[in-house]
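What follows is a structure written as structure tokens; I'll ask about it next.
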Amino acid sequence: ACSKPSEELMIATAANVQYVMNDIKAEFEKESGKKVQIIVGSSGKLTAQIREGAPFDVFVSADTKYPEEIYKQGGSDRAPQVYARGALVLWSKNLPTEGLDWNRLKEDNIHKIAIPNPQTAPYGEAALQALEKTGLMPAIKTKLVYGESIAQTAQYITSGSVDVGFNALSIVLSSNMKDQGHFTPIDTALYAPIQQAAILLRHSENSLKKASSEAFYEFLYSERAQQIFRKYGYR
Amino acid sequence: MSMAIALSIPKGERLAITGPSGAGKTTLLRQIAGLSHPQRGTIIQNSQVWLDSSQGIFMPPQKRNIGFVFQDYALFPHLTVIQNLSYGLPKGKPTPIVDRFLRRMELSALAHRRPSQLSGGQQQRVALARALVREPELLLLDEPLSALDSDMRHSLQNLLLELQHEQGFTMILVTHHLGEIFKMAQSVVQLNHGQITASGSPVEVYPKRALPADSLTLYGEVLIIEIQDDHLRLLAWIDHQVRELKLPLEYRAQLQLGQAFTLTYQHQQAVLAPL
Amino acid sequence: MSMAIALSIPKGERLAITGPSGAGKTTLLRQIAGLSHPQRGTIIQNSQVWLDSSQGIFMPPQKRNIGFVFQDYALFPHLTVIQNLSYGLPKGKPTPIVDRFLRRMELSALAHRRPSQLSGGQQQRVALARALVREPELLLLDEPLSALDSDMRHSLQNLLLELQHEQGFTMILVTHHLGEIFKMAQSVVQLNHGQITASGSPVEVYPKRALPADSLTLYGEVLIIEIQDDHLRLLAWIDHQVRELKLPLEYRAQLQLGQAFTLTYQHQQAVLAPL
Amino acid sequence: MMDWQPLWLTFKLASITSIMLLFLATPLAYWLAFGRFKARGLVEALIGMPLVLPPSVIGFYLLLAFSPSHWFGAWIESVFGIRLVFSFPGLIVASVIYSLPFMVYPIRAGLQAVPQSLVDSSYILGKGPIETFFRILLPNSKPALLTAFVLTFAHTVGEFGVVLMIGGNIPGVTKVASVAIYNEVEALNYSMANQYAMVLFFISFIILLFVYSVNNRLLRVRK
Amino acid sequence: MMDWQPLWLTFKLASITSIMLLFLATPLAYWLAFGRFKARGLVEALIGMPLVLPPSVIGFYLLLAFSPSHWFGAWIESVFGIRLVFSFPGLIVASVIYSLPFMVYPIRAGLQAVPQSLVDSSYILGKGPIETFFRILLPNSKPALLTAFVLTFAHTVGEFGVVLMIGGNIPGVTKVASVAIYNEVEALNYSMANQYAMVLFFISFIILLFVYSVNNRLLRVRK
């Protein structure tokens, strides 16, 4: 509120990277002295809003599909770029780590399995691929429950509403989810890499924020930021 | 207003209640019906206790088997005339009685109208019919004929008397109409400010004035007085109307404008004409 | 019901409308007021055209400067008595007139009650007062006194007559009460099935006998009738009192309980005594 | 290609919810309108509370409560043998809770507007409170009942926050049309979203049009 | 640490929306109740339509319409100088559209229940339709008005789908409490979400409690 709002950077951030982004924001503010405002939303919603002229400077998406879409529509001069690769985990509130075994998913005492909605969330698509590859899909198809986002899927898991579910490593490692049950990473060979991309949104030539937006965008790919991503379980 | 009333009506009697506007007549009927709760009181009907505030006994209105014609009718607006009449009948009870009342109250042609499509007097008759079809033990009537012309009024008065005779119900009738009291009621209670101010048979409660039986005295006031030829022309306020009188000239000295007087007629000279 | 009525009232006159239940009296008043639309018709008041269906002229009710006392009062339930009375006054008009009417109608003590807290008769008086405070040119009264006891009825009848005398408004009064017609109206129209069946002065419409010019006619109602020896003993309601009359036996066939009659005296035989 | 199942689920959910609420809310509305108790304002305010929290948050709290690892969810499961999370019965229960104020408030206002004298009349004619309620109070509150029903029905058709959270978006079980449309929009499949929206819109419109036309015809007769 | 700004925005939005709708919806309700026109059922059904689409989908369509690249958004911007996307005025417009049925339906039912004889009386006493509307019809529809107001207010407090889509979640401008709570839940900050929810719940409860207590006191006097 003290610095002029017109000079504040507005970073549209997909929900599942918001924890990381808070750290990145703090680092960037320290380094550049600029104020940054994080706007959290689902990637799809943010994409629709950006297309209709939302006043965002950079869009940090959960995958590459949405930024590609924006780029194709002419929302940016620069093609999107992957800033991190996510890792998928199998996670349960009650089952011990030893119990998080592929073959046990078929057993009768596992009633419900949560995955993020593959239609909208990249982690959901990855989970689906893994389930197909292991050949489990036909056996557990009726057990599947779809979370709207990675966060909602985490809620299903941590509330004990489902017995087990797929999620992002970054979520499991976040401070809010510490000690919430047990998890095991999924073999990366079972799913295509989850490429999370960001895009620098178009600014007019005389925009006050043009330079700082670029600086922020570059910062995402700096070693300093990449360290933070790794700390949260991204590769 | 505080009310304090002690009243007993022999079973099958017809009682009229009268009194000025706001005297508590409607309130009394509502208390008898169980729609209002007096602070303290006892109501016993036919050796059945309806209310005893000291013992906390209260029989709800729907158990009391009464008929009530409300001053404002309170017809059900969503039901037709015939449905209004049938509402209070136990299911499966035959409808001939409904038809009979429709006919006797000249409502047959209106049977399928809703209350909003009826005139004031038609509504009042529906309210009366609705109370009667249930053949109640106690009938409470709050000015049930006030909106009716005198022919209809007389014929419904006769119908009520007939029914009461046949069925022997007890009847309490609120009315402002002196003629109705004399015709309909065996006894009358006069209320004022929530108290009984007089009760007894109509003749006891309304004693004739101390007048010579063969004369009639009226009260009047002089409005205009003129000398005309060989007589006085007097315009006077008599019996609530301006009337013209011819008087001999010798009255001139005794009368002035605004003066009150009595006028006495020897009724042998009267000509009476029924209307 | 089809209605066909032609009527003209001299400005400042008092007209009574009477007729059986459902005759069309309320409908007629509503049409005069502009609340119902006749299929065809013309209404002209004081050379101002209120309705001319052939020319498509219709003056809305709020422009007509009328007073209307509805058969069911139609008081505003969310307003107190005094607010109901003041509603129709132009803003800024002084309230003394409201106070005066409250006093004259014995409503002062109830000024701050809502209609639901009033008795039937009290509501009716509020409705009458509300129509009068606006000092309308035309006053339409649909049985405005039917819920009142006879004392109150007479005093309000007198008040109405006084006001009409002072202000000169035209008055149309629906009533079933023969006494009220004689007392209140200069002419009377009898309706039945939407048609005028009789009209003229009350004495013309209800003639029983051609009256000599020098006579006094009173209105009465039979309360009790008994045969005694060689005559009839009649207890009747005449001039606001119960009176006893002796009549020759031949009247027996013509008189019944509750029946209205006129009593005509040849005033030459009257004895007048100033008080 | 459009999947009709979510639409079918939607109208099934909306109908069942509205009808169940009608039965639940009318006694509650009656009690609020005529009951003799002190804390009326408190209860009235409480009934409105499901509205002030975001639907997905309500959904979240319901998820916690309905979850078999919570005592409530466990109790329901042991007594009724129903698991409320990720099941159609759960959607119904959640919708009923969430739409309660849409049903209760208008009906309460309608009941209160019925003149006391009609109720008195009914008692005098020998009918008890229950018969009076059904034969006098309800028929004379028809516009209010209609309002309540339409609001509840339409709102249940469109609601998705609660349903999405507690239903788990399972095709054929809890994936109702609103959720399907939401998904298509999120996935940037706008033409598919448009198709769904049009059909939902059209069917709902036809239903409401029918309801109101019938109602207006009835009202006209009674005027 | 809790940020109070979203709460302040929420109650500002809810109050402005409810009051604006009161002014917009009552004439509409009057027209529906008493107007003489054929297509009544059609208009009535149409008014309910904002309810049957999921809020975020309505938000999506409004986003498209309000966007400066659409003729409507461009027109509004050129005439009123207001951009409706990602701005507080836009939230108000969207909330007004979305909550229209909550205001119109109950008021319409209430107006229709006022006896015609009261309207007639008012005309006779020299008042035209407008004065009659304000001094007779509205005061005698008070429970219905209250219902409409409470439903609209509470619903605007809790609504977030439309607001999130069209407002863009901008702190201090369009980030209302419901969106903030939604965000905290999505961020898995349950304790912060709980805090917000409690405060929102509590303030709303106090407001409704106040409204209903005052109302009940007034009603008691008038009975």
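Letters A, B, C, D and E name the chains as they come in the text, with residue numbers starting at 1 for each one.
By our rule, contacts are C-beta pairs under 8 Å (C-beta built on N, C-alpha and C of every residue); 3 or more make two chains touch, one makes a residue touch a chain.
Since the structure is predicted, the reported quantities are computational estimates derived from the model, not experimental observations.
Between the contact lists of chain A and chain B, the overlap consists of D. Common neighbours of chain C and chain E (chains touching each): not present.
Summarising the inter-chain layout, the chain whose CA centre lies farthest from the centre of chain C is A. Annotation: 55 Å between the Cα-based centres of chain C and chain D. Measuring from the averaged C-alpha position of chain A to that of chain D gives a distance of 35 Å.
In terms of their C-alpha centroids, the spacing between chain D and chain E amounts to 19 Å. Centroid to centroid, with C-alpha atoms defining each point, chain A and chain C lie 86 Å apart. Those residues of chain B in touch with two or more other chains are numbered 72. Residue positions 56, 60, 185 of chain E are each in touch with at least two other chains.
Listed for chain A are residues 45, 48, 152, 155, each touching two or more other chains. Contacts between chains, counted with the stated touch criterion, involve the pairs A-D, A-E, B-C, B-D, C-E, D-E.
Across the complex, chain D is touched by residues 42-45, 47-48, 66, 69, 93-94, 111-112, 114, 117, 119-120, 144-148, 152, 155-156, 159-162 of chain A.
Those residues of chain C that touch chain B in the complex are listed here as 18-23, 25-27, 71-72, 118-122, 124-125, 142-143, 146-154, 157-158, 176, 178, 182-183, 206, 208-209, 214, 216, 218-219, 221-224, 235, 237-247, 251, 254-255, 257-275. The touching residues of chain D, counted against chain E in their complex, run 40-42, 44-46, 48-57, 60, 101-102, 105-106, 108-110, 112-113, 143-144, 146-147, 150-151, 154-155, 157-161, 178-179, 181-182, 185, 193, 197, 200-201, 204-205, 208-209, 211-213, 215-216, 219. On chain A, the positions that touch chain E within their shared complex are 1, 5, 10, 15, 18-19, 37, 39-41, 45, 48-49, 52-56, 149, 151-152, 154-155, 171, 174, 176-177. Considering their complex, residues 56, 60, 63-64, 66-69, 85-86, 164-165, 168-172, 183, 185-190 of chain E touch chain A.
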